[in-house]
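The first chain written gets the first letter, and so on, giving A, B and C; residue counts start at 1 in each chain.
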Amino acid sequence: MIEFKLPSLGAEMDEGTLLEWKVKPGDRVKKGDVVAVVDTSKSAIDVEIWEEGTIYELMHEPKETLPVGTVIAHLLEPGETPEHAEEEKRRMAAEAKAAAPPAAPSPAPVPGLVPAPAPPSAEARVRASPAARQRARDLNVDLAVVTGTGPHGAITIEDVEKAAAAAAQPPDRATEMRRAIAAAMARSKREIPHYYLATDIPLARASQWLTARNEQRSVTERVLMAVPLLKAVALALKRYPELNGFFRDGAFVPGAGIHLGVAISLRQGGLIAPAIRDVDRKGLDELMRALSDLVGRARALTLRSSEMSDATVTVTNLGDQGVDLVHGVIYPPQVALIGFGKITQRPWVEDGKVVVAPVLTASLSADHRASDGHRGALFLVELARALQDPEKLDTGTG
Amino acid sequence: MSEGSLKPVTVPRELAIAMLRDMVRIRRFEERCADLYGQQKIRGFLHLYIGEEAVAAGAINALAPEDAIVATYREHGHALTRGVSANAVMAEMYGKREGCSRGRGGSMHVFDAATRLYGGNAIVGGGLPLAVGLALADKMQGRQRVTAVFFGEGAVAEGAFHESMNLAALWKLPVAFFCENNLYAMGTALARSESQTDLCVKAAAFKVPTLKVDGMDVVAVHEGAKQAVEYVRRGDGPFFVEFQTYRYRAHSMFDPDLYRDKAEVEAWKKRGPIHNLTNRLKAEGRLTEDDFLAIDAAATHEVEAAVAFAEAGTWEPVEDLARDVHTEPAR
Amino acid sequence: MKMTYREAVRQGLRDALATDPRVFLMGEDVGKYGGTYAVSKGFLEEFGPERIRDTPLSELAFVGTGIGAALGGMRPIVEVMTVNFSLLALDQIVNTAALYRHMSGGQFSVPLVVRMATGAGRQLAAQHSHSLENWYAHVPGIKVIAPATIDDARGMLKPALADPDPVVIFEHALLYNFEGELSEPWRDVDIASAKVLRPGRDVTLVAYAGTVWKALEAARQLAAEGVEAEVVDLRVLRPLDDATIMASVRRTRRAVVVDEGWRTGSLAAEVMARIMEQAFYDLDAPVARVCSEEVPIPYAKHLEDAALPQPPKIVAAVKQLLGKT
């Protein structure tokens, strides 16, 4: 039997609200199938499954808010019978009981967020009057966040009405997201010993090459400079893998592929960094399509769970905003962030002559626990070198 | 009592035959009830009057139509004698809507406003104060009516008896207290429960005139009752009559009847009220066997018709369950 | 017009006796003595011994006689001196008066009125201090009413006598000397509804008979602290006027039931159960009650006071509901 648990869809996520099941008991699923839609503090996310099997039972209903790691469905493994699954469940329940104290290790603490709701039990029930409960249902107020002033601290109807009035502003996803980013960034700055490196990279060759390439294509097929930059980062990371991956439980874990999280600012505020997978193996056109698609869907809040959680490193490009240099904050548990400033025409010495050339300042923020400045510097040098050879960037499947 | 010294029947033939007819009707009716109880057509408590028929038949035939009757839970005979139809009583036993109490009362709660039968009371002694009140209402409204209240000797042990006798005597109310002394309060013999077993002495303590009557002789019952009713109707206060009688059957169905000798029952059966009267009437040449067989056949026919009526009856709809808890407002 | 509760009851009785020849008063010491609580003083002379009947100490018989007289066309008012003695007549009230109509298939109604004093508070000790209104209110077939105000003491008898079925009237013994205003012009009252005696928004105090005045006193004390209590006088203990109770509880969302009966199986328990059944989702706090302590009512003043519902207990119960303790 397979336990399908609510996945973490980002470091700042420790709970999610099940919005919709996309499968029902009896459905056969395979890796990558979308099985549910979950609302995180950031957006509604399609949750994929990474196992193959048949849905046996759905353990939770839509609207339920669940801690990450909650078993939300059971699946039968290929060839497994329901009887066997029941037996497994009994066995697991017995083991869980035997192992009850101490409690299962909680995921890495994420300060600043609403504490995970305790599993439902009589003791943990919110004490609220019947009238308060009725009014809370009518006004769609979550009693868990209302402070009671009645007997024994019970929530009264007035408490609910006050809470509803306070929340009268439209449900504030921006505030939620701000909180989530704050939590993640605070954790990053608290836990990760950053070091910062930067280098100027001339892009005359790359931009000439790209302009020529784009001239042969229709407007919709043209590739932005951001794309070769991403590809160059991916190729450089291939040589310096200690910058690509995660720092977990006191040790560096290399990423399974090179999945670049692309920081995308949202119109309503905040930002997210969904991943483009296997950037090193994709051609520029394919990457361009992937990037357009990602930005569009990020802004429409229809990202897939893997895109939210897969990034092995993050690239942030603030050039469009007009800054020269980025000192990025690493997105935990990643270990590096590559920042790009704007491309400017600057005097540049080439072959002993001063010329005017387009130049970009690339920076690296890296986790000193996973890598050292020496390796980081070599990475930036490699990045700069890769961009001097733009034809080689256009390799891959499409 | 030997054949040679039969007491003369000192009432007109017409009345004697009427009382005989009532006794036979009660007998046949109740025998059929016992049968129907076995068939589970009749449920709950069923107290049979068999053996005691002379009391109801003799006493009630001494009442005027405007008089009132308050009876006990052993009251089928009183209802039939009073003129409540066998159909209505049997349907009541069945619990049918066509019953005299719409199936609400059953065997123990036979009511009939038309004949002023105020139940059917299943609390021993419960009807006594009620009778005093009915008599009080008559007296206060200047009506020359009598209220006859029937009760067993067991009720004499209740406070209700003493309180009611006292009040009726004190206020000189027109109540005929008819005590049906069948010797056993359920299974407890009179001598085992009362220090004074002469019930008339108890009544006399309230300055109420009394009479002790052979309850197996319907003529004696009638004459005693008549004397009491006439006294009461004059307005001089209540009268107490003890009818010495005997029930042949158990207190109610499923009573093992362990508290008395079979021989005692058999001895009383020899004095049975029906053959007591038939024998005397026959000896006087006022009744033939054919006359009796005709009376018996008519009674049997009436009872069978009542069973058919009850069988064909309908159940009160459950929606009417709460009807008549209170008087419904006029619609 | 200002008058005592006693005078109001007396006027109601006198009115009934004077206007309906079927009405008569019967009970212990109602005549020569003038009524244990002097309610019927002078009636014997005014209406004569036929209609003002002193009875022997035979509660069972004279209550049963009242039932019979009612069946016989009279409109008896039977006075049982106190609820304590009414236990001797309980059989007639429960087994006869209450049942006759239903058990006879609707043939016989019992238009009987039984009056009795109830309640404690006069150091009469355990056997003379009962509040057993709930025993009667339990029984289908009878109506149970409890006038607490001058208007009701004056006005509830007439509709009770007009009712075709048995009505039991409880008069709290402490109220007889209570003085108040009789409404002018005089208006008939009903025996079907409860009444809001004092409006309030924060909590409903449900009370009846003697506890009405304690609830009003508690409401006065609460008002001084900014808590507005609504006081509902049940008036009719059977059948309960659910609509008035629920309307009040829905407004205030909190209720304290005040009942001089013992807590267990009390009328208060019944009222609370109905609030749960009918107004659960309007409640903002558990329904509370203030009843008599579960002890025989003692003689000594301080112990008797401690055993009975008192305004401070009501105030404390309200504060607890409001989360103010």
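Basically, contacts are C-beta pairs under 8 Å (C-beta built on N, C-alpha and C of every residue); 3 or more make two chains touch, one makes a residue touch a chain.
Please read these numbers as outputs of a predicted model, since none were measured by experiment.
Summarising the inter-chain layout, the chain whose CA centre lies farthest from the centre of chain A is B. Every chain gets a centre from its CA atoms, and the centre nearest the mean of all protein CA atoms is that of C.
Between the Cα centres of chain A and chain C there is a gap of 72 Å.
Taking each chain's centre as the mean of its C-alpha atoms, chain A lies 95 Å from chain B.
Inter-chain centre distance (chain B to chain C, centres taken as mean C-alpha positions): 41 Å. None of the residues of chain B touches two or more other chains.
Chain contacts: chain A has no residue touching two or more partner chains. For chain C, no residue reaches two or more other chains under the stated contact definition. Against chain C, the residues of chain A that register as touching in their complex are 129-134, 149-154, 156-158.
Of all residues in chain C, those touching chain B in their complex are 24, 50, 53, 55-56, 58, 60-74, 76, 91-92, 95-96, 100-109, 140-141, 143, 163-165. Residues of chain B touching chain C in their complex: 68, 99-105, 109, 111-113, 118-121, 123, 126, 128-138, 140-141, 147, 159-160, 163-164, 166-167, 170-171, 323-327.
Taken in their complex, chain C has these residues touching chain A: 253, 280-286, 320-323.
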